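Heads up, there are several structures right after this.
Consider the two complexes below, in which chain A is the common component and chain B and chain C are the respective partners.
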Partner chain A sequence: MTDAVIIVLREVLEAMLLICMLMASSTAMGYRFRWMLPALALGACGATLYALRLEQISLAFEGFGQEYVNSTLLISIAIMLAAHNFLAVFQLRNLSGTVAYGPLVLVCIATVGMAITREGAEIYLYGYSYGVLAGNVTSIFSGGAIGLGIGFSMGTFFYYGLRSLARRQRLIVCCAVSLVLGASMMGQASVYLSQADILPYQEPLWDSSGLFEESSLMGELLRAAIGYEARPTLTQVSLYLGSVIVSTLAMLAGWRLRRAMESTKEGEADAK
Partner chain B sequence: MKALPTRCLPPRRGRQGLLSLLLWSIAPWVYAQTPVFEIEIREHLFFPAELVIPANQKIKLIIYNRDDTPEEFESYELNREKVIVGNSQGVVFIGPLKPGEYPFFGEFNMKTALGKIIVE
Partner chain C sequence: MASIRLFLTLTLIAIIVLVSFLSSLRGYRQSMTEAETLFDMQLQEHAKLLSLADLNRGRVIEELLLPRQANTQLSTESLIAYQVFDEEGGLLLRSVVAPSEPMSPREVGYSDRNFNGYRWRVLVVREANNGHWVMVAQRLDVRYELAESVILEAVIPTVLGIPLAALLIWFIVGYGLRPIQQLAQEVRSREVSDLSPVRLDNVPRELTPLTVSTNDLLRRLQSSFSREKRFAADAAHELRTPISILKVQVHNLLAEMESPSATLEELRQGIDAMGHLVEQILVLNRTAPDQYMVQFVPIDLYALAQDVISSEYEQILEREQRFDLEGGSAVVAGDATALRSLILNLIGNASKYSPVGAHIRMRVRTDHEEAILQVEDSGPGIPESYRERVFDRFYRLDGDRHASGVSGSGLGLAIVKHIVEMHGGRIRLSESRELGGLCVTIVFKPLAEETTKGMKA
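This part shows the complex of A and B:
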């Protein structure tokens, strides 16, 4: 049962952070989260499909199908989070206006759907084979429920923490969280790419496992929050920083676009 | 529809020939450089639980899962993570590593499925 608690909690933490950040950010942009239901449904369908087809996927691409799918999902999530930052800064420049609802909903659904697909597939596989097939439903599912519960309470805490901030501060914090989560996704993607030998193996740049062991509770929390890795390689660090740069550029673009739009509006008003 | 004049197209045959020649010439070299090692999962245990591999050389590790249940091969030290469904197999590239011990475990059976790679 404790195994189930840990396995579920590990998978849930990261997705929970993502979802709560997007929820808080949506409210700061003046929207409710009607994207939640379709996003969860997409995630559930994706996870089930991924889990059911995992064997075929794994054996594809000379045995590296899983790595291809996971890194594609992770990189896509990172891109979506950069898009979120673009929209958030666009809003930040002029809080009274609203950004287009469509793009925000699209970003939220895609991000959450893909995150749940990746994490949910593992939970599905574990629960189905160790719980349902092994006739161990009570133990595995109650463990899973506890894991989910812990993740959920942490998410609630995080969400209401963000909600207590004023809209401007909330948006800024959401941007920062989204920036770090995106970088963490790119870091994880690089591990899969190196595992499949698409990126070359490198010696770790440093070893901070003496400080925070990755398997410890603190290590797991840091891993979910900032993509902590005790022994990162140069590629991993570069992709992490690369993602930070891309996300920052997206924010700059959002800011400039909004300013340009405002100045044309002012120009039109002056002309009248 | 009017057919394209042939001279607009790149000399495909020549390019393909060159490409396959290049691939053929490096293929044996690539394969010769990567030794293959195998471990098995049976009853949620790894066999062998200690695998000795050469130092400073990239290896290909094939993990056969003989159980009906899935398992996740995971190692913080090796930075590897891969789900292997029941009665199937998974492959990961490892190294080149410095001499030392690199523990790994099965995430779905953290208490029993333990092992390590010993690099010599």
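This part shows the complex of A and C:
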């Protein structure tokens, strides 16, 4: 049961952090979360499809189909999070103005939909193989429910914690969380790419298993929150930092674009 | 925070889930450790029993059964395997599931070993009296499953109870927040002019400051409005005498001059307009629902309209307008002075804002016991988006640059609305289908209802 708790908690917590951050960010940009229902529906459909077609997916790409799909989903989520940061900073520059609702909805639906597809499929497969097939339904489902409950509760506190901040601070914290989550996604994607032999095998740069074992509760929580790896390779670290840099550049671009637009407006007003 | 109810429900559930689930998790792990100890003690008991048994070399006997619950799924898998060896290592006794080879090296104590395709917990004991080695083993997965099935019986109710707790919290929080909804409802359902204190039964301690502040605000608003009304009424009343004197003096001046200048004529018109404005302010104040002393009597609207028209006919003729009065007797319970003022304002407005030669029609009729007064004209009408605002005091369409060029006080329709409300009626502005201008429709309450009410008052 403890394993079920840890695995479900890790997946749920990762998804909850992402969803709650986007919800808080949407409110800071002056919008409600009408994107939530379509995003959840998309995620549920994606997860079901992924889990049901797992055999075909696994056999594709010379047996590396699952690694390809997972890494694609993770990289796409990281890109979407960078796009979110662009929009958030665009808003941050001028809180009285508004960001176009269309791009924000698109980013939220795509991010949440893909995250739920991945996490949902993993939970489904774990529950099915270790619970239903292995005859441990009660144990796995009780553990899963406990993991789900704890993940949901932590997400609730995280969301209301963000909501208690003023709009500016909320957007800044959301950008920081999005930056770390994006980097975490890229780090995880690099593991799948190594497994698929797209990235070469490398010796780990360090080993912090003594501090936090990856499979321990704390290790799993850290993995969900900041993409913790006990034995990361150079490529993993590079991709992690690369994601941080790209996201930072996106924020810088958002800031500059808004400033340029404001200058143009001021110029037009002066001309009038 | 979008909703207090949602916030309280979610955070309370989250706290309950975290506390109860983490406690369950800790209890589970603790219980599993305890169960391990119990199983180890059980192995020890078996080893003690075996060491006392009368043994024949090479015997294979039925396994000792673990005491187990009737409803567990475990059958032969829950058996204990055992071996007894003599001092030289010769097998004296073994169970069916135990292998012929020793399950563990001859080292006294507990250890985990692999045989028969499973992981086993093995206890090795050496009997001091005869030097026999007793080995007792139990499958680890069976122990785990057995322990977990028992412990889960305690965990599952906690997990299943959460949705029920969530539902209860949702309803209880909703019930707790009801006084806020009642307060909001009490304030929302009031008439615009009702500034009396909010009265709620059993106001919770947390809401008392809000209720007190709201009532204090209402009291200050009431007194402020009263001051404003008194001031307007007093000022208007005080202005009547000097305006009358001015009127007389201008009239005398005009009579004395052989050829009056245009400026003097404008001055006369200005004084007339000022006099009209002051009169309108006084009427508005008198007909305000909270000022008027209700003394309703049955009044025939048709007869009253005829009377008003005859007195205003001069103005209509001056503008070469056509005026029709249609319909028949329609009796309402009302105040004659106020209703006269209402008809006067309606006719005055229709005539003033319609062009020379326009057509004005007044209809009086009864429909389902309701008296209906309708005034239509062929003037420019009022655009739909302005039809609410024209009832505001001093509001004039396009301000002072009204297309008609007619001067007015901007109080006529405000007075009409006051009077309609005073009589419990309703007023609607629309476009006249037949004449194309404005159509004002006023529906009065049925006579019987209003008379009864008036008598009660």
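Observations
Definition applied: the second predicted complex is superposed on the first by the 254 of 272 C-alpha atoms of A that agree within 3 Å, B and C clash if a C-alpha of one lies under 4 Å from a C-alpha of the other, contacts with A are read in each partner's own complex, and residues count from 1 in each chain.
Here is the rule we go by: a residue touches a chain if its C-beta (ideal position, glycine included) is under 8 Å from a C-beta of that chain, and two chains touch if they have at least 3 such contacts.
Predicted, not measured: the structure shown is a model, and the values here were computed from it.
When the shared chain is aligned, chain B comes close enough to touch A:Y126, but chain C does not. In the superposed model, A:F90 makes contact with neither chain B nor chain C. After superposition on the shared chain, chain A has more residues touched by B, the comparison being chain B against chain C. After overlaying the two complexes on the shared chain, residue contacts for A:Y201 are found with chain B alone; chain C is out of touch. Looking at the shared chain after the overlay, A:M1 reaches chain C, while chain B stays out of its contact range.
In the overlay built on the shared chain, the residue A:T156 is in contact with chain C alone; chain B does not reach it. Of the two partner chains placed by superposition, only chain C is touched by A:S142; chain B is not.
In the superposed pair of complexes, A:A230 makes contact with chain B only, with no contact to chain C.
Touch criterion not met for A:W35: it reaches neither chain B nor chain C. Applying the stated touch rule to the two superposed structures, the chain B and chain C interfaces on chain A have no residue in common. Residues 1-2, 7, 10-11, 13-15, 17-18, 21-22, 24-25, 28-29, 148-149, 152, 155-156, 159, 162 of chain C are the ones that touch chain A when the two sit in their complex. On the side of chain A, the complex with chain C involves touching residues 1-2, 5, 32, 138-139, 142, 145-146, 149-150, 152-154, 156-157, 160, 163.
Only residues 3, 6-7, 54-55, 58-59, 62-64, 66-67, 122, 125-126, 129-130, 133-134, 191-192, 194-197, 201, 203-204, 209, 213-215, 229-231, 233 of chain A touch chain B when the two sit together in their complex. Of all residues in chain B, those touching chain A in their complex are 58, 68-70, 72, 76-77, 79-86, 88-96, 98, 107-111.
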